[in-house]
Structure formats: C-alpha cells, structure tokens
Amino acid sequence: MTREERLENISTLSGTDVKKCMKCGKCSGRCPAFKEMDIKPHQFVSLLAQGKLEKLLECEAIWSCLSCMACVERCPRGVAPAAVVEAVRDTVVRMQGKNGIKAEDIPPIVDELIPQQLLVSAYRKYNK
Amino acid sequence: MQEVTEKKEFTPNIVAFCCNWCSYAGADLAGSSRLTYPANVKIIRVPCSCRVNPTFVLKAFQQGADGVILCGCHPGDCHYVTGNYYTRRRMALLFSFLNYMGIEKERTRVEWVSAAEGAKFSEVMNDFVKTVTALGENKRLTDLRVKEGK
Amino acid sequence: MLRIAKEKLNALYAKINESMGLFIPVKRAGEVNYEIWKEGKEVSLETLKTVKSPKNMFFPSTENMMKFKTEGKALEIVDVRDEKKPFVLFGVKACDYKAIEVLDKVFLADPVDTFYQARREATTIVTLACSRPEESCFCGVFGIDATSPLGDATSWLDESYLYVQANTEKGEALIALIKEFVEEGGDAEVKAQQEKTTEILKKLPFAQLDLSRFKPENLNELFEAPQWEELSEACLGCGTCTFVCPTCQCFDIRDFKTHDGVIRYRCWDSCMYSDFTLMAHGNSRTTQMQRFRQRFMHKLVYYPSQNDGLYSCVGCGRCVNKCPQNLNIVKVIKTLGGKKND
Amino acid sequence: MRDIELKMIERAKALLESGEVARVVGWKKGEFYFDPMPAVFETVEELNDFVYNSFCGANLSKYLIKVSKNPGKTAIFLKPCDSFSLNQLFKEHRVIRENIYVIAIECQGKLSVEKMKKLGVSAITEVNENGEEIVVSSLYGETKFSRDEVLLGKCETCKSKVHQVKDEEIILREMQAGKKDRFEDVEKLEAMSEEERFTFWREQLSKCIRCNACRNVCPACSCMKCVFDNPASGIAAKANDDKFEEQLFHIIRAFHVAGRCTDCGECSRVCPQGIPLHLLNRKFIKDIDGLYGEYQAGETAEGKTPLTSYNEEDGEPSDVFKGEEK
Amino acid sequence: MQRIGVFICWCGSNIAATVDVKKVAETIKAEPGVVFSDNYQYMCSENGQQLIKNAIKEHNLTGIVVGACSPRMHEATFRKAAEAAGLNPYMVEIANIREHCSWIHKDMDEATEKAIVLVRTAIAKVKLNAPLTAGESPVEKRALVIGGGIAGIQAALDIADAGFQVDIVEKNATIGGRMAQLDKTFPTLDCSACILTPKMVDCAQHENIDILSYSEVEEVKGFVGNFNVKIRRKARFVDETKCTGCKICMEKCPSKKGLNEFNMNLDTRPAIHIPFAQAIPNVAVIDSTQCIKFKTGKCGICQKFCEAGAIDYEQKDTFIERKYGAIVVATGFKPIALDNFNEFGYADNKDVITSLELERLMNAAGPTNGVLLRPSDGEHPKVVTFIQCVGSRDTSGCGKPYCSKICCMYTAKHAMMIREKYPDTEVHVFYIDIRTPGKNYDEFYRRAVEQYDVDYIKGMVGKVYNENGKLMVQGSNLIDNEQVTIASDLVVLATAIEPEPSVRKIATLLTASIDTNNFLTESHAKLRPVESPTAGVYLAGVCQGPKDIPETVSQASACAAKVIGLLAKSKLKTNPCVATPDEAMCNGCSQCANVCAYGAITYVEKEFRLGGGKTEVRRVASVNPAVCQGCGACTVTCPSGAMDLRGFSSKQIMSEVEAICKK
C-alpha cells in the first residue's frame, strides 16, 4: 500500500468526511481521555485532513482513546473523530500483523469491577 | 463484446419538465453554482408541475425520449397552493400504470426540487441519467416511425 | 384433386415462406386474424371467421405512401413503397373472396390505386371452402357458394386432410412449389363435404333474405325511409362494422411528423365516424342516423347502381356478430328489403 | 326472467300512458333471442318489441346524454352496474337528475354469445334459460351450459347488486354479486415481470383495430369531441398499426377515465378483438383504492373524484413501487 | 408565414466560453421560419436591445427567440424591447443557454450542440405563440403587515407616512416583538426600549395605521392588488375600546403565578395582565388557561374592580375581512429549543441560561430590575461563561445548519456590559469563529477583548456539569491545545435563532415558498431580496433570513418602498397567460373547477348552434382572467382538452417536446 492509498484507506475505514470539520474543538472539549492523549481528537481529524500520515501512525493516543464515542455524539458537523482514531488504530494493528487478543483469552484476566463498556472497547481496540 | 461497447456509448435523451417557481429556479441555481449534470437533460419550463399532462409524457416517449422527469415545488410549497398535490396523484397513478403496461419504472420520475436546491437538482439529474443509461434505449414506448431514416 | 396430410401443413407453410410471404389466419391472444406467417405462430384454418377480413393483404389498415424529408429549409420527397413482394394469401373463405372482387372494382378502376394493384398482382390467393357455417352467415343471399370458392387455388379441409385444386396459372405454380407435400386423391371426400354443407346453408336463418327492393330506382324512397331513425337509434358511431367488413374501402390520408420530416400514410376510416370526410365547412353528415344510413345505402344501393347490380355486402356476417349493440345489415335488409322479409 | 320482463312492460306502459314520462329507454327484440338492441320507446305500441332477458348486457345510461335532452322526462331501466354510470353522469352534469326516472331492475348476471361460440357452439338458433341451466340449440345440435360458464366477463366480477340511484324497482329475486375477485386478474399481471407484462399487453393491443367501440360505448367517455378525433390536440390519430398508437390511445383513454370509470365493463364486452380492456381501468381503480382510500365512482352523484382532490399526506409517486422490488 | 429572429447572447464569456455562439447563430439560420439570426456580447445591454429592436423592424419579425440567461432574469427585459419595436411582448421566447447550458457543461462541442437544441426548442414554441394582451386589475390602497416587531413597525410607519392605510396584525397582545425584550443594542449600546417604544407610539397614533393586536391571519384569497384577508381577532376578554391601562386589575388578580413570557418565564405575572409597561395597545388581556374565573366559574374580581367596565368574560373570537393591495410578512424569530443539547445542562441547571434570558436579567424592567443575579439563588455571579454557536452551524441534525449571524455581536455586548457593570466578574467566551462584518462591529468586539478584558477562548465546550454548586464548563482551548474546565456561576448559551414557527402556516396561506429551514424564500437572492415569489407579498426581518436590527430596519423600509410603489399605481397589469376554455368542446363536467385553487372557474349556460337552424343550451366553463393565476391544473383535468393555458398551450409544450427529442 502506498502512502496515498493508506491515507485513503484510513479515510474509508473511518467512514467520515473530515472536510466537514469546522474546527470548533467540541470533540476535544468533551473528550474524557483528553489529558492522556498525545494527539487530541480534533487533531486526528485535522491531521487526516492534511494527510499527515506519519504523525497519525506514530501517535500513542490511539491506545488511550476510550472509544466512548462522546466526540462523535457531540460533533455539530456529523464528523466522527473516534472513527478516525479507530481507523488509524486498525491501520497500525494491521501493519503489525495479527497480534490482537482473542475473546477466549479475556475471562481469566477480567476483573469484575471493570465496566462492560471498557471491555467492549478494549476488544474493539485489540482484536483487529 | 461489441454490444458492451455500444451500450457504453448510449446517451439517453431526457426530458425534464420543471415548474417555473421552484424547480426551474433550482436548475438556474444549479447553473449559477456550476453544478454539472449531463447535457442530454433538456428542460421544459411549465408554470407548475400540474400543467404537465400525461399526454406530454407520452409524447416525449413517442418522440424517442428515454426518460421523463417531472420536477416541482415540494408538496405544501406549491406557488399555486395545491398544484403539485394533483401532480403527485396524477403521476403516481400514471407511472404505476405505465409500469403495469410493462414500461420500465425507472424511466419516469417525479422529484420535488425547491428554488434553493440547486445541488439537489444536479444530483437528481445525474442520478436519473445514470439510471436511464443503465436501462438502455426506450424501446417499449416509442413510435418507431419518428426515427425512420429511409 | 390433390390432398395434403394435416400434420404436414406446418412444413408446407415453411416451404412457401422460403420464397414468398404467407398471409394466413393466426391465433393471437385468443383471436384469429390474418397475419404474416412465421415459424411458431398458431395457424387456425378451422376458424370460420377471422375477426378482420383478409382485405388487409391488399389494403392494409395503415400504409405509408411517401415521405417528405426536410433538412433545414430544404425538402425532398422520398419513395417508401414496398408492396411488390410476392405473397400467398391462404384460407380465404368464399365471402371474403367475393369481397376482393368488390374491392377490385374500386381500387383497380380508373384511376388505378397502384399500391393496391401491386399487392394484388403479387399475391396468389388460396381459398378455403366452408364446412360449418353459422347463424350469422348469409353469403348465399348474394349468390355465393361457400362450398366451392374460386381464387388461384381452392382448398377444402376435413379432419385429416387439406384438399387442393389449382384454378389458375398462379395456382399451378404454387402447387408445383409444394409438390413434395401433395398426393392425389380426395374427390369423393370433397364432394361429400360440399353436399353436407349445402344442406346446412339452406337451413341458415338468414338464407332467405329478400333484397328485391334494393334497386337503383328505389334510391330516393329508401333514402327517405322513416325507419332509418329507429334502425340507427342505438348506434354508438364506432367503427367496428366497418373495420371487420371485408368490403369497406374508405381511408383517410394523414401525415406523421418524424425527426427529419413527415411520413404521409393512409389508414382505414369509417363512415360511421363523426369526423369522416370532414371538410372546412364541417361534416356533410351531421347526425349518426345519416352516417348509419350512408353505410347501408352504400352497400345495398349506391355501390350496386354503379357496378352492374353487384352488392358490396357479401353476407359474411361479421358485423352481425361484432356490433356492440347488435345493430346490423340484416336488420336493415329485413326492415327495408322486400316483401319476403315481412 | 320472463316475469320481470312482463312487469317492466307493464310499468313502461303505465308511465307512457299517464304521460309521466315522454319515453322509456330499454331493449327491443333482435333477430334471435340473444341479440336484443338498446331502444327508446315513445309509444305503447312500440313496447310490443320490448324485451328483457339474459342477453341485455348493454349499459343504457350513456344514451341518456342525448335522449334526455328532448322535452319531457325519460324513464330508464337500469341494472345495478348501470346505475353507477348514471350517477357519475349526474356528477359531471352530463345528465340532469330531474329529467330522469330510474327503474331499478333485477339482474342475475348477463350472458355472452361469444363465450358460447368459443366453447364450440355455432349456428345458434335458440337459447332457453332454465334458471342456472342454459340450453342452446343450433343447427349442429343442442348444448347445455351452466350460467357461470357463459357469464359475460364483466358479470363474473360483478361489484355490486345494489342500485345507486332509483325511483322505483322491479326486483323479484335476490341478486348476488360476482363470485370472482375484481382485482384477481390485475394482481396476476402485477405479479409478472415488466417484460412479461409488456409482452402480454403487446400481444393484446396488437389486435386492436382502433374501431373506437370501447370509447364510444364508455359512459365516462362522453366528451363533446375526443382528443383523438381533434386535430388540434396534437395526438389525433386513426391508424392503429404502429404499436405506439395503440399504447397511446389506451393509456390516455384509461387516464382520462381514471377516478371516473365505474368499472361497468362495457369496454371489454364490446371489443371485437376480445382485448381485456377493463384490466386497464381496473389497475387505476386498484391503485386509487390502495393509495388514496377506497373509492367507487358512481356511488354518489356529488363530490370530487380522486384525481380532482388530494390529501397533504399522499404518498410520493415513487412510493407506488415500494415493496415490489424484484 | 412566420418570420422568426434569433439572438444569441455571449453574456461576456459566461456563455461564449463554453458555447460556440457564432456557430449556434449560424446553424439556426437554416431552421425553417428563421429569417434572421445574430449574436452579440451582451444582449441585455442597451446596444443588444437596440440590435433586437432594429432586427424586428427591418425584417418584419413575427416572433423572436433570445438565447441567453434564464428567462427568470431577462424575459421581461426582452419583452419590453420587443414591445418597443412594435412586436407583441408575448411573441418572445428565451432559450436558457446560460444557467441550463454553458454554466453546467464543460465540453464546448457538447454545450454548443445542446444550445442549438435549446434554441430550436424555443423556436418551436414561439412559432405557436399568440400575441397576448395583459388585462388590468384595480389596486386596493391598503397594506397588511403581518407581525408587529421592529420590522413590521418600520414597514408600517413608512407605508403609512406615504399616505396609505396599513393594518398591523400581531398575534401577541402588544406590538414590539423581540426587540422590546432586549436590553441594549449593539454596536452603540443604545437602550433598546428607548429607541423602539417611540416607534410603537408613532404606530398607535398614526392616522393611517390600524393595529390589530392579539390577532392572526386566517385566510388569504385573491392576488396582488386584490388580496382578501380574513383575520381572527382572538378574544382577550377585555374590551380594547374601554380599557384604560390603569393596571388595577393586575394588582387585584388573585392568580399571579402565570409564567411571564415577556421575561422569558423568569418570573410570574397575573392572569390578567399587560405584557409590559410600554405595551401598545396598553390594554390588558386575560390568560384564560390561568384565570380562576375561566377554570372554576368563580372569582370575577377584575371585573369588579375595573372602573371602565372593560372586562368581558363572554368575549368570543371575532373575524374581520379586509382587502389589501400588498402584504408584508414580518413574523420574526424565536430562539431554538435546546432539547437536543443536554451537554450544556440547560434543562438541569437554572444557572445555564440563554442569551435572551440574560437580556431580561440585565434589563431594568426585567425580573431582577436590571441587577445581574443568578436565577438559582439570587446571588451575584462571579464567573460568567458564554458559549457561542449553540445550535448554529450544526449539520448533525441537532441544530441549524446556518450561522445565526447576531450571536457574536450580542455575546460581545453581554460580556462587555457585565464587565462594565460588575468589574469584579470574570467573563469567558468560548467561540469557534468570531464573525463581525458590519460598520463598527469588529471594533466593538475588539473593545470587549482589549478594553474589557473578556477572556475569549477559541474552542467549543464539550460539556457543562454541576459540581458542588459550581457549573463546570469543560471545553477545548484550541490555541493552546488544552482542555480547560472553568468553574462558573452563570453559563450563557448563545442560542441559534429560527423563524417563528407560525410562519409556515402564513407561507401556505400566501403561497409563498419556504426553504428547508423555514425561512421564506425571496424572489432573487441578490436582486429581489425583499420580494417573495408571490406577487404583492414582501418579506422583512428574520422571517427571510437571520439578521440584526439595522438590517431588519433597512429591509422593512425597502419593503415599504416596494409596497408604496405598488399602491401608488391605479391599475395593475394582469398576467395574460391564463386558462381559456374552448366552449365548443367543453363538456361542462366541473372537473376543472374542482382543482382550481383560486375559484377562477364558474359555469354558464350557453346557447350553441347545431346546424339546420337548431340550437342547444349547454353548461360550459368560464374563466375569470383576473383571478386565474395560470397554473394549468385545470388543463390536465379536462379530458377533452377544451381547457388550455395561454402562453403554455398543450401544442406549444408538445412542440417543445418534439424539438428536444429530435436527434
């Protein structure tokens, strides 16, 4: 995959049109994991729009995004920053080859207090 | 193989009836916004979509049109209060009937396009041309004599 | 007498079709009409009466005559005639064959209708005798023998065979063309069928119609007859009688706009229509009674007065069967015809 | 049947004699039992030819447009289905209610000679009705039919035995509506593919000889001048040999009577080529019922038709194809 | 024989860049009937029109086709030119080769070919055109203004000053509208009431103005110059002619817990009330849903105390019908409901308020007498945070896709006023963009930042939540790429505005078109911005699009100018393109009348000759050309084709179809 194709692929995977972003920052304003993220939700959108693939692929924030979708919910323009995060994450995972967790591996390590949503999002995150 | 290439070259002839107040203005807006659609769409201006007699639609097919589309104000917004309500009934019944006679339902369409919907106008026309192109030439409802080139 | 086994007929049609067109009764969507034969079409010689008569062969319901081609402001006349192809007209009943004689007197008289003439000359007519006439038939009244029609060749049909006999050179040529299908025999069978049919013909309810008053000298009296009003009362003014009639010959000439000019064509017209012979001042016949009267006066008085007494009705009975409101020429003949009808 | 006929003659006589009406519209004898003709009776003497039997299928209501313009009242005998047509004519001001005296008559379904002939009978000389049994004598022998076998097509799907307008009635026996569903054949066609439907209608309409019988018999086709006869309309035509002409004529005709057609079935009855023209009109009726609510033309003599009214919530033209994706 | 002239316009390069105009003009010369064909750079210019006029005269043209821009642009221009040259103006057809051709196609050959077809189509039509003469209709010298806000007031005053009668129909009990609720106005910080109320008084005192308050338009019939309007005068249960506005009833009324709409429901008012001190008319109204008398049948205290005897519990809605020559729609706006924005906690926290609520809280006549106190506990807020673009520029479906236009300015105003009055208050503003086009507008906003130290944060708020009585406003600071949380005492939402919902009904009554956002559509976005597509109906204020007070007032005055121009005419030319029946073919079936929205079709009994000396009386349709609007609904209903439409006859349209389909 060329660089362009990869960018195109991220865009397709995300299913969101980053050009619709009006740079209001509401996504980052709402993000509960904001402080944990080296690249903020609005920057994901902005970086993808600018085609800055390397910055996206190098970031750590894809692992700290909770996939809570609050940014998607709040975006006034119908852009889905979390979907971009997820698309970048997929891309990174796929570039690494198959190393995700399997469903059967989870039960032994599950703490009863872990919220269900976190499990689901973790599964989304690590099983690509 | 040849048939495939021939089909590709087929450009349908589309007659679009547009009401003066909404859809014709919508087409104007598509123009002033430079929103393209294929040149084989030709527009006839009518005061209201309710001016379009089924005879005109059939006349178009007789003369070899491959698709006929009617555009009017959105129901409720008719410049003439109720005109498009009648259009809606007339054309629903006519198109259903034509299909009952075996005429491809994709050849006929009604769309409500307001004066502000230049983009919609262009989208609708692009889509309609695409649909009719895929359908191919109108053979079931045409008067072959018009094309007689003897 | 020659005969052809019925099961060979389809092969025979195919053979004829190799060198000439074949116009023959064909069943389509439940009704039998003359059509150009094609492999796979359902021929129905058994049908007594086709809905439309075979006059279509020579006088098609629509016929292109010429074309005006325009380019910008220039105009060109284009010949579009294509009526010279040889045809076999197959299965014509005695009444319909007689009707062709009636049409000939119109179209082949001076000025000759060259479209009609060309088709007529290019066609070989094979007639078919009747064996099962019905209540609406009254060809006998016009001196027609339904059991032995003429034509270029005559045929008879029974359960197993089609019997053929050539009457003219054209007929001989046709039989030569299909000789591989024919064998000798059938004289006795044909004779027996003719005798049987003749008996039935005598018993038909309209066999004894009296035409004696339909003479040129009674023209005015018949024209003024008060009964027309009542006879025509229920007439819808449709063209059914005209269009199923084997002798009606009226047509209209119209133009059709094409993408590059105009096609001038003629098509059947009916004197029953309110716009028949419409002129600038309006119509010559303004009421349905007048139009109704015109049709029957023409069949029974005007035409014979110009054609040595030949009626332009052949008693096929199609109008009797098909009139939506059951009006017909028999009712006219009975009302105005003569003593015997009373 | 005969008892009804006698009662009808009796009433017609009384009405004419009393001067209550100037004329009576009914049927008169033909050459056979099975070919009665519509007729106008102005004197008691003329009533000698009056007839009413199972072959009186013709819908007489349209004659009133012309006949009722003459001075005096016109009495008319109407079968239930014909009464719908008359009501529709009232609605369209083509006939004035005050000028008409409607006598509602019994109808047990009318018979078709065409059907008998298609079933192999020819040279018919006599027909006898024995209730449900129809005995046909011909030069070739005698045949028995059940009434249902030889019912006119329009009577098979008879929509109602209730007169929609009447001043009096002559009904001696109970009447039953048709046994066959009115929309069954339409549904069969709808279930076909576009291609199949096209072939079906192509086959049927290619038989059309453009005799205009369907139009001229139709009570809804009562225009002063039909567009097809009017050179100014731009679609006038007589020829019918080009496939488009047939389609155009029948589509426009069906559209012009849409919402006004009472489904009297006369078009199919009179077609010399046996084209099921009623299936065209019935498609409109079915669509109207389905899209805009049940509507029966001729049920009332007032109000608007489905095509001259609307509802703001009406569906879109594209909706008619929803749910039938193939 | 027809003699057609064809004129192809280049429209500078607008047409000529994609359509080979010379080729079009040349090709068309070969068309039958065409005797003249030419092209020119700007047909609509003086010289272009002269070219047309000369050709008509020199070549005795019987009809002309102009291949140019949309007929909606210049059809009238070319008709006038034709008329000036002695040709009937209706013998002109326009082929739209700009909007429908050159502007949408890129390929020169393709566009040229299409232009030729479009011109041929217009030729086919014009050959069947018939000269038409416009009829005349009288003009009712009275205008109706729907809505009594600043737009309606300004329009009414201007029209009335020109000497014409004006009625203002206002659905509320007083005129004044939204502007009456405002505290100060930007960019000058004038007191809103101080500049509005004198105008309200002017209205009340103007001899030519009739204020129909507490009234609604029920039905509109007729057409430009001749509207017939039915107005519902809602029962206010107080006789308007007797009430002196003494307010004793308000004092005595025992039911005082009604929400005060004028103060955005921030306080209460009695069941019988005058909306605000300077209300016009200064007449009370009873809220019958609240009034004890209406609910239980007992009470009647106000009646007892009313010295003027103005109280009438039996009052019913009444209707008046009036004729108008012109109508101005000025129905105004309302802030959107915030149901879709629970992230800002509006419903859960009393101290999250809208800007319009803040206006009332700041206003001396408001619930707090102008002292800024927070609604929850009446404390003075120390930290105030503003959030802009709440519901505006929102394409997610929760809010409105457009910019509400006024929020940037009023938020700056609010921020500044708070800082001015309460310098100890900390003010933050979350914004996406600051939009301040307008005279002295940006300067105004900069003053808030530079002079008043308002903290403008570029970024949007993600959520507002309550933590120990503090409103935590969490949002992003995009410049610093930080997420910030501001503990605030009061949060003000700059809520998007939308057209007053009743405008939909009014649009339907007036057959004025409305866009997807419920804004009324103007006739032309640039050149006819105050006219609705319905002749005789004009648009003022926010009903047409978001705008501030100066813009609204300008538009209202522009409307007035249009109305005055219309009413000053003694007669109007009517559209000659109306339906006409061919009586000889009419069946009299009434179907056409059933579909006529204007009641233009009636039936007459007419005698016809049948020939042979006989005659027949038949019922036939008759069209009133002054009432017919020319939609053509009747033409399709007529099965015999007896009904046709002038200017758009069946034959004309069919000939256009033929010309288009010709390949």
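Here the chain labels run A, B, C, D and E in written order, and each chain numbers its own residues starting at 1.
We take it that contacts are C-beta pairs under 8 Å (C-beta built on N, C-alpha and C of every residue); 3 or more make two chains touch, one makes a residue touch a chain.
In this text the structure is predicted, and so the values were computed from the model without any measurement.
For the pair chain D and chain E, chains touching both partners: B, C. Between the interfaces B-D and A-E, more contacting C-beta pairs are found at B-D.
The innermost chain, defined by the distance from its C-alpha mean to the mean of all protein C-alpha atoms, is B.
With chains reduced to the mean position of their C-alpha atoms, the one farthest from chain C is A.
For the pair chain B and chain E, the distance between mean C-alpha positions equals 31 Å. Mean C-alpha positions place chain A and chain C at a centre distance of 84 Å. Averaged Cα coordinates give chain B a centre that lies 45 Å from the centre of chain C.
Mean C-alpha positions place chain C and chain D at a centre distance of 30 Å. Within chain C, residues 257, 259-260 each touch two or more of the remaining chains. Residue numbers of chain A whose C-beta contacts span two or more other chains: none are found.
Contact with two or more other chains is made by residues 595, 637, 650, 654, 658, 661-663 of chain E. If you sketch which chains touch which, the pattern fits none of the simple shapes: not an open path, not a single ring, not a star, and not all-to-all. The chain pairs satisfying the stated touch condition come to A-E, B-C, B-D, B-E, C-D, C-E, D-E. Chain E makes touch with chain A in their complex at residues 343, 389, 393-399, 430, 432-433, 458-463, 474-478, 481, 483. Partner chain B is touched in their complex by these residues of chain D: 186, 189-190, 194-202, 227, 233-235, 242-245, 247-248, 251-252, 254-255, 258, 280, 283-284, 287-288, 291-292, 306-308, 310-312, 314-321. Chain C makes touch with chain B in their complex at residues 67, 78, 80, 256-260, 263. For chain B in complex with chain C, the residues that touch the partner chain are 63-64, 143, 145-150. Per the touch definition, chain B reaches chain D in the complex via residues 54-55, 58-59, 62, 75-76, 82, 85-86, 88-105, 109-110, 140-145.
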